[in-house]
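Shared chain: chain A. Partners: chain B in the first complex, chain C in the second.
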Partner chain A sequence: MKQVLDVSGLTFRHSSKKRWLKKPEIFSLGPIDMQVTKGETIAIIGQNRSGKSLLAKMLAGAVEPDEGNIHLMEEKYWSVRHRAARKNADITGIRMIFQHSSESMNPGITVGQILDEPLRLNTGLSDAERKALIADTLVKVGLLREHIYFYRHMLSDGQQQRVALARAILPEPKVLIADEPFAALDPTIRSQTVNLILKLQQEMGLAFIFISHNLGIVRHIADRVIVMDGGQIIESGKTETIFRWPQHETTKKLVLSYQSLIPQQTLR
Partner chain B sequence: MPLLDIKNLTLEINTGSQSIKALDKINLTVNSGEIRALVGESGSGKSLIVQAIAGATPGNWHLTADRMSWNGENLLSMSVEQRRQVLRKDIGVVFQHAIASLDPSVTLGEQLEEAVPDELIEGKWFWQRAQQRRREVISTVHKVGIKDHNHYLRAYPHQIPTDIGQKLMLAMALVNQPKMLIADDPTRGMETTTKVQVLKLLSRLNQTRSLGILFVSHDLLAIASMSHTMTVLYCGQTVESGKMKHIRKRPLHPYTKALLDSAPSFSKDLPPKSQLPTLAGTIPTLQHLPIGCRLGPRCPRAQRACVNVPAVRKIHDHSYSCHFPLHMEKL
Partner chain C sequence: MSRFSLYEDEIRPSPWQHTWREFKSSHVALVGLAILLLFVFFAFFAPLVTPYDPLFQNTESILVAPSWHPNGSITHLFGTDALGRDLFSRIMYGCRVTFGTSLLVVIIAMAVGVSIGTIAGMLSGVRSSVVNHLLDALMAIPTLLIAIIIVGILGSGLVNSMWAITLALIPQFIHHTRTFVRAEMKKDYIQASTLDGANRLQIFYYSILPNMIEMLVVQGTLALSIAVIDISALGFLNLGAQPPLPELGAILAAGLDVGYLSPWNIAIPGIAIFLMVLSITVVGDGLRSALRKRVNR
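On to the complex of A and B.
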C-alpha cells in the first residue's frame, strides 16, 4: 500500500475581533493529521458547523490553512514555510467537486470550454491534445462527445454531476475530494453517480475523500470514516468498526439515529 | 372518511405554444391519522400536487379533477374566501425551500406571531393577548426543536441556517393546530440527527393529535421509518400506491423497485463497494414526455404493449399501473 496523501498538523483559525460588549467569536480547526493510501475511499461525517467543508476546502487549496503540511506522493505539496511548493509539485494532484455542482459551472460558456479551462491553465498540452483528452473523459463519465457544445442549462441534474466529475478527473489527479456529491441528486441518478465513481476509482486508482450526510451510502462505499465535531477529528477508523462499535458520544448519536431509521427485519 | 380525497387530478400547463400534461390522472387519499408518503424524483410533479392542494396555482395552469374534496367539501367549486378559511384552519403547509418562502423583510418572530390564529388567543386586554401570542410562538418553536428562541425569533430569514429555516417553516404550519399537514420535503439536506428529531416530532403529533400527514420527499429511509401508506409518482403519473409494508416487501412496479434499490441501507446482503442496481437514463423533461407508460424508455421490462398507458389495477388496497408487474407469481 502506497501513501498518496499525508496531512500533518493542518490548522485553521478564525476569530472576529472583540468589540465593546460582544464576545469574540473563535473557530479553530485542527490540528488535523490524516493519511490516505492509493485507491482508498474516506468519508467525513459530522454535524453541521463541525468544519467538514472547511477541511475539504483546505485540502483542495481553496482556503489557506494557518499551519501544517500536506505531502502528496511523498513530495511536499503545501506548507506554511514553502507557500511556493505547490507551484513546483504536481499542481493538479488534488481536485475537488463542489457542493452544488450545477452552480459551480459557468452558465455562459459551453461544457467544452468549462473542461478546457483547467487544462489550458495548468498543462502544456496543445489544442488538439486537449480536445482529444476532453472527448475521452466525457465518454469515460458516460456522456457523449457532442456534449462539448452544450451549455449548462441544457443538461439534466445527473449530466451536470457527470460534467463536474469530468472536470475533476481531467488532469488525472491522485486525490478526488467531494463536498456532499450525492445530496442534491434524485435516488436513481444518485445510484448512477455512485456506480460511476466506484468504476472510475477502480480504473484510475483514485483516492476519494467525500463528505456526506447519507450514512447509507457512506457505509456502502467508504473504507474508512472520519468523524468530526467542533473542528476536531474525534474518531476515525474502518467503516464497519465505526458503525458497529462507535466510541465517542457524537459518533454514537449519529450512528444510533441512522440505525433508528433503518427498518428492522420483520419475521415472516 | 378520508380527510383529503383526490381522484383523477389532471394538470395542464399552457406555455403559449403548447399545453403540457404535467399531472396525469393522479389519485390520492389521506385519511385522518394517517401518514401518507408521496414519493417521486424531481420533475415527477410532487410539488405541483402540493401547490394544487394549497391553491397556489398560477394563471396558466388548468386544473381538472373528478373529485378533489376536503372533509367532504369540494375544493374546486369553493369560493376563494372559503378555500382560504380551510387552508388557514385545517391545513398546514410546509413548502420546499423554506428560507425562500419566508418573508425576507420581517423578523421570524413577527411572521410566526402573525400566523397564530385569533381563536387560540385568550385575554381581555391587548397586552394580555400580545403576551399570550408570544408564549404560543415560543412554545411552538421549542416543540420543533429550536432551543435558542431569543436569537432566532429576532433574526431575519437570511441570517439563519437552512435547517433552522426548515424547522421554523414547520412551526409556522403547526401553530394553528391543523388537521392535516402537507410537508414538501421537510428534511431535505438535513443531517441525520436533526432529521430523526423532526421525523419523531411528526410521528408523535400523528399519534397524539391524530394529525394526517402528507409527507412529500424522495428520502426513502425517512419515509420507510414513519409512514403508513405510500404513493409513488413518476413523471406526473401514479405508479403504485398501497400500504408501506406491502410495497417494501413486494413492489409490483419496476420503478418502485428501482427506488427501493437505490437506498443501500434497505438491502442487508449487498456487498460493500458493489455496483448498485439502478435504471439507465435520466428523468425526461416535461417538454419531452414519452407516450404511453412514461417509464417506458428506461424500464428493463418494457415491451411493445407499453406504448399504451396502463390502466390502474387493484389487488386489495394495493393499486398499481403496469402491464408487466413484478412478483406476480407470489400473489
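On to the complex of A and C.
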C-alpha cells in the first residue's frame, strides 16, 4: 500500500497573548500525526468544538498551521498563505467539500462557471475540452449536462451537494476531504451520496477523509476512525476495533450513545 | 463528446435575458424606462431633432406662450423665454447637458470608487481602516455642500462643477464597495476559489463582481439622481453651467426672472428635472428587484 498523505506534528494555536481590545483565545489543536494510504476512507468523529473542522481546513490548506508539515505524495503541500510556493506545486491533490454546500456555491454565476474555475486555473485544457470534461463529470455525479446553465437557487440541497462533489473531483485529486457532507441530507439522498462517493472512490482510487456525527455511516464506510476531543486525537484505529473495544472515556460515551439505539450488542 | 447532444440545441437564456424578463413584469419600471430612454435620446440626438438653435435669440417672439395656451402657437411648442429663444430646443439641449454630464460624472466616480473600495475591502487591518474611516467622515456631509465648497475653491463653471460632484460622489462608492467586498471575502466560495489558486484579481473578477452588480445598480442609480440634482442645483445657483449654456438648472434660474409673466419658463424645466430624477429612480428600483429575483427565483 502506498502512502498518499503524511501529516506530522500539525499544530495550531490561537495567540494566547492578551492584546488590546482582544480576549485571549485558549483553543489549540494538535500536534497531530496521521498517515493516509491510497483508496482509504477515514472518518473523524468527536464532539463539537473538538477541532474537527479546523483540522479538515488545515489539511486542505485553507488554514495555515503554526507548526508541522503536510506531505502529499512525498511533496510538501503548502497552505494558501504561501502563494508563491503554491504556484509551482500541485495544489489540486487535496480537495475539500465545505460544511455547507449551498454557501460554497457562488450565487451569481452558473454551475458551469463554478466548475470551470478549478480547471481554468490549474490545467492547460482548452475551452472545448474543459466543457466536455465538466459535462462528463456532471453525469458522473448523477446530474445532467444541462445543469451547467443552472444557478444555485435552482438546485435542491442534494443537487448542490453533488455540484460540490463534482467541483472537488474535477481536477482528479488524490485526497478528498469533506466536512459533514451528509449532515443536511435526508436518508434517501444520503445513501445515494454515500454510494456515489464510494463508487467514485473505487474508480479514481482517492483517499477520502470525512467528518461526521452519524456513527452509522462511519461504521458503514470508514476503514479507520479518528476520535478527537479538545483539539487532540484521543484514539484512532480500525473502525470495528474502535466500535467494539473503545478505550478512551469519550470514545466509550460516543459509541454507547450510538449503541443504545441498537440494543443487541453489549460492550465488553 | 462524440454523441450528438440534445441539450445543446435548446436555447438557454443568458443572465441579461433573465433580468429583462423579470424587469418587463413591472409596468411602472417599463414606463420609467420609456421616459429615461427619451432623455437618453435627447442626450444623443438633440442637434438632429431640435427645431431651433437653442442660442438663437428671436427678438420678434419674446415670451410666446406654449402651444396649448390660447395665446400660444405651434411654432414654439413650449413657448419662448425672455430673450426669444425656443424653450423646447433649450430643454432638449438642457437634457443633453444635464443628463450627459451626470452620466459621465457617475461613471468616473463609480470606476474610481469601486477600484479603491475593492482594494480597501481586500486588504485587512490598519490600511483598510484608514481608507474607510477617513472617507466615512466625508460621507456625513451632503454631496451638494461638498460640491459647493469645491466649486468655491476651483471657481464656477460646468467643468469645475463636474469635478466637484465626482469628488463628492466617490466616498459613498468606496464605502459600499468596501463593505460588500469584506462581507463577500468571508464566504466559503471565495475560500474555495483561493484554494484553487485564484489570485485576488481573479477572485474579484470571477467571483465577487457577478454578485456585486445588484449593489452597483442601486448605488449607481442613486448617485445618478444625486448628480442630476446637484448639477442642476449648481446651475441654478449660478455656480455651475454659465447662462448662455442650456442647462436645466440654469434655464430654471433664468425663468425665475420672468416667473410672474410666463410661469411655464419655470414649470417646464422643473418638470424636466423632476421626470429625469423620477425615471432614473424608478428604473434603478425595477432593475434592482429584477436582478434580485434572477438569483433568488
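Throughout what follows, the second predicted complex is superposed on the first by the 244 of 268 C-alpha atoms of A that agree within 3 Å, B and C clash if a C-alpha of one lies under 4 Å from a C-alpha of the other, contacts with A are read in each partner's own complex, and residues count from 1 in each chain.
As a working rule, a contact is a pair of C-beta atoms (placed from the backbone, for glycine too) under 8 Å apart; a residue touches a chain by one contact, two chains touch by 3 or more.
Source: prediction; values computed, not measured.
Asker: Putting chain B and chain C onto chain A via the overlay, clash or fit?
Answerer: Superposition result for chain B and chain C: fit.
Asker: After lining up the shared chain so the two structures overlap, which partner does A:Met73 touch, if you call chain B first and chain C second: first, second, both or neither?
Answerer: After superposition on chain A, A:Met73 lies in contact with neither partner.
Asker: Once the shared chain is lined up, is A:His220 touching chain B (first), chain C (second), both, or neither of them?
Answerer: The first partner, chain B, only.
Asker: Considering only touches as defined above, state whether A:Tyr151 meets chain B (first), chain C (second), both or neither.
Answerer: Only chain C; A:Tyr151 stays clear of chain B.
Asker: Does the superposition put A:Ala135 against chain B (first), chain C (second), both, or neither?
Answerer: After superposition on chain A, A:Ala135 lies in contact with chain C alone.
Asker: To make sure I follow: the centres are taken over C-alpha atoms, the vertex is chain A, the ends are chain B and chain C. What is that angle to the nearest 10 degrees?
Answerer: 80
Asker: Quick check for you: in the superposed arrangement, does A:Pro187 touch first (chain B), second (chain C), both or neither?
Answerer: first
Asker: Just checking: does A:Met204 make contact with chain B only, chain C only, both, or neither of them? Give me first, second, both or neither.
Answerer: After superposition on chain A, A:Met204 lies in contact with neither partner.
Asker: Where does A:Ile234 make contact in the superposed view: on chain B (first), on chain C (second), on both, or on neither?
Answerer: After superposing on A, A:Ile234 lies clear of both chain B and chain C.
Asker: In Å, how small is the closest CA gap from chain B to chain C once the two complexes are overlaid?
Answerer: Nearest C-alpha atoms of the two chains are 13 Å apart.
Asker: Can you name the residues of chain A that touch chain B in the complex?
Answerer: Of all residues in chain A, those touching chain B are 41, 47-48, 156-159, 183-184, 186-192, 194-195, 198-199, 213, 215-217, 219-221, 239, 253-254, 257-258, 260-263, 265-266.
Asker: Could you please specify the touching residues of chain C with respect to chain A in the complex?
Answerer: 1, 5, 7, 10, 12, 187-189, 191-199, 202, 206-207, 210-211, 213, 294-297
Asker: How about chain B: which of its residues touch chain A in the complex?
Answerer: Contact set of chain B toward chain A: 41-42, 161, 163, 189-196, 199, 218, 220-222, 224-225, 245, 248, 258-259, 261-266, 268, 270, 272-273, 275-280, 282-283, 285.
Asker: For chain A, which residues count as touching chain C in their complex?
Answerer: 60-62, 80, 83, 86-87, 91-92, 96, 98-100, 103-109, 113-114, 117-118, 121-122, 132, 135-136, 144-146, 149, 151-153, 167
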